[in-house]
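Here subunit A shows up in two complexes: once beside subunit B, once beside subunit C.
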Partner chain A sequence: MRSAIHFASAALALAALSFGAMPFAVAADTPDPAADAKAFQKFFTEKFPKVKLDDFVNGPYSMNEDMHRQWEEKEQFPPYDFSLDLGKEMFAKPFKNGKSYADCFPNQGIGIRQNYPTFDEKEGKVVTLELALNRCREANGEAPFSYVKDEMAALTAYMAFTSRGKPFDIKIPNDPRALEAYENGKRYFYTRRGQLNFSCASCHVQNPGERIRAEVLAPALGILNAMPIYRSEWGGMGTISRRFTTCNSQIRGVPLEPQSDEYRDLEYYLSYVSNGLPVSGPGARP
Partner chain B sequence: MSGTGRANVLKSLALATTMLIAGAASALAGASEADFKAAYAAAEAANKQAASLRNQWTPTAAALAAAKKAAEAGDFDTAVASSQEAEALAKASIYQARSEKDAWKALEIH
Partner chain C sequence: MASTIRVRATSSGETTEVQALIQHPMDSGYVKDAKGDLIPPHFIQQLTFEHDGKNVFLADWGPAVSKDPYVKFSFKGGKKGDDLKISWVDNKGASDTTTAKIQ
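Moving on, here comes the complex of A and B:
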């Protein structure tokens, strides 16, 4: 009962907070991803006029000068290096059938991170890079990796590294299912959930640059461009799947299964609105 | 007020007090295994509905686990109380999912 009362108080406080801030209007009915992306980027560049557009991919480090300096020093000996080496080795090692990851991807998988997630018109669903990697493994008789553990982080770290600096280029084909997936992702992003009654936007749109306990919250713009990340808090590497499921747990929501339709669509939306910003992964975060 | 009227009011008050005491006594009486089973089933049903809305809360699961643990230890009072807490939490998560169906749009950047 106590928890229910806490929920009600949190809901009221957050409702007051959001109506107080209110830089937003009620959504238009016709989906227009290009207009969304433009408004999204405008919102962040106006909120943080000193931050260059490309710098948003550096998350909390773009929000705070001291942290930015710390990060530059950290980048001399990046904590994700071991994962990058492992990923490079894993990527090159052939499967038992003699084929390799390179056989599953365009351009042998090099320099293609900026194109993921894609919309698979045959399947009618969003395909993320993590999902494509596991499908590649399964198609070649290998067991899939956990979406939240080190092997997947290492593989995606290497693939991101080969795309560093390339602008995100997520496509929404002229297919109503693709638009629906995009809209579902957007809805997930803004929907409050968990006992704390937070949406993704509560932290990453309404409060980037502010602290939540000791952490500086990252802006939603460019948040996936740095993935996967080494997080000091985790003491290791984390994939996009790990990030999404952990966010849900932190607000006292039961996480969905990694690579569920909701998370795939969320990744599609968040990546699309960051189109044009460069890949900076693998990244490091406090 | 006439003497009869005052007597009637007093009678009603006495009746209400008796009923309140009886209600409180039944609430204070030790809960049975059957009470726990009923409360737990109601909580589970609500949590299942939250799952169908893809919006379960972790404290609901924790309260359900606490209820089961208390019941296994034979503490049915705690088991019923935890089940009722789980049901309240699950119902709050259902309410949240339903109200957010449209409310999310208010936060969208335009």
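Moving on, here comes the complex of A and C:
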């Protein structure tokens, strides 16, 4: 496999040499997630040389000194506190059949946020934490929660909290379907859509730190590490699903169903390129 | 149920700094729900902080205060270990009270 890539790149290099350019170029259509992640992180660290790599998980607060000061004060009494307590309570409470969330997850669900989303080789699809939680409920005869807020946010807040500081460790198994899911997510991230014709990258790669009306845009690097978030603008908690759907409607596109294949792939891509950055969720955002 | 009030009060000798976070919907009465019906007003009308039998902070609140409000202030006096009593009453007559120790 590897030698095949080398062979391919050597062939390309020979071809490129005749143009006298880029002897180290790898064929652009060969997916290479590890190189993507490296380039992605390099882009942000070079764009913001003053921001430490681990600090990108603090979104807009890493971009703006004044906001950073306000945030430090806010963190003493974070607005997600009530949700976190609710999540802890819900997580510990057994289902009607006597089982609980802990039975559905490795390590009883504690300190595992950094491993999600995972690629399920049996199903051949990406499984996010939110999806895994609802599947756990359904497997135990409970009705699934709404993906966008309240209960789901409380549960994921608690699970993120128990994983704080652990570096994201998203794995792409040696399965062509996993690589395809990653590529689909990447394509979704960079594709323009909606009446405003924005891609995810238009705001979160090209313009982080800039204002969009009164808000400071968050960098895409580490953006999911802080999820779920309490957004003052929403007056409540929101999950990754809520973030994706509202981003889509804000650019005047039609949002997809939460946890549709595209969003799952997008979360897979976006989490993978933030590998190594610590979990900081639950977060608070203006 | 857990208290709706979170408090942290720290004494620096002469003054005491108080921070509090209160869980409350603070519905203004002007917002409509998904069906288009008005959500009836439901907000805290009075918030008091009592130390040593005296009110050190009293707020008459209205519908303009945001959901899950946060308050920060400081007052002269207060020693480590003193009690600080916090209570609120809303327009539906509901209330909650908690007592915190000054640290």
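Heads up, the rule we're going with is that the second predicted complex is superposed on the first by the 259 of 286 C-alpha atoms of A that agree within 3 Å, B and C clash if a C-alpha of one lies under 4 Å from a C-alpha of the other, contacts with A are read in each partner's own complex, and residues count from 1 in each chain.
Here is the rule we go by: a residue touches a chain if its C-beta (ideal position, glycine included) is under 8 Å from a C-beta of that chain, and two chains touch if they have at least 3 such contacts.
All of these numbers come straight from a predicted model, not from anything done at the bench.
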After lining up the shared chain so the two structures overlap, which partner does A:105 touch, if you call subunit B first and subunit C second: first, second, both or neither? neither
Between subunit B (first) and subunit C (second), which does A:95 come into contact with in this model arrangement: first, second, both, or neither? neither
Decide which partner touches more residues of subunit A, taking subunit B and subunit C as the two options. B
Using the superposition on chain A described above, determine whether A:256 touches subunit B (first), subunit C (second), both, or neither. first
Which partner does A:82 contact after superposing on A: first (subunit B), second (subunit C), both, neither? second
Tell me which partner A:48 touches in the superposition: subunit B (first), subunit C (second), both or neither. neither
Over in the complex, which subunit B residues touch subunit A? Could you list them? 54-59, 61, 63, 84-85, 88-89, 92-93, 96-97, 100, 103-110
Residues on subunit A engaged by subunit C in the complex (per definition of touch): 76-77, 79, 81-82, 85, 232, 235-236
Per the contact definition, I'd like the list of subunit A residues that touch subunit B in the complex. 1-4, 7-8, 11, 18, 23-28, 36, 39-40, 43, 186-187, 190-195, 197, 199, 201, 205-206, 249, 252-254, 256, 262
Residue numbers on subunit C that touch subunit A, as the complex places them: 2, 6, 8, 19-21, 23, 66-68, 70
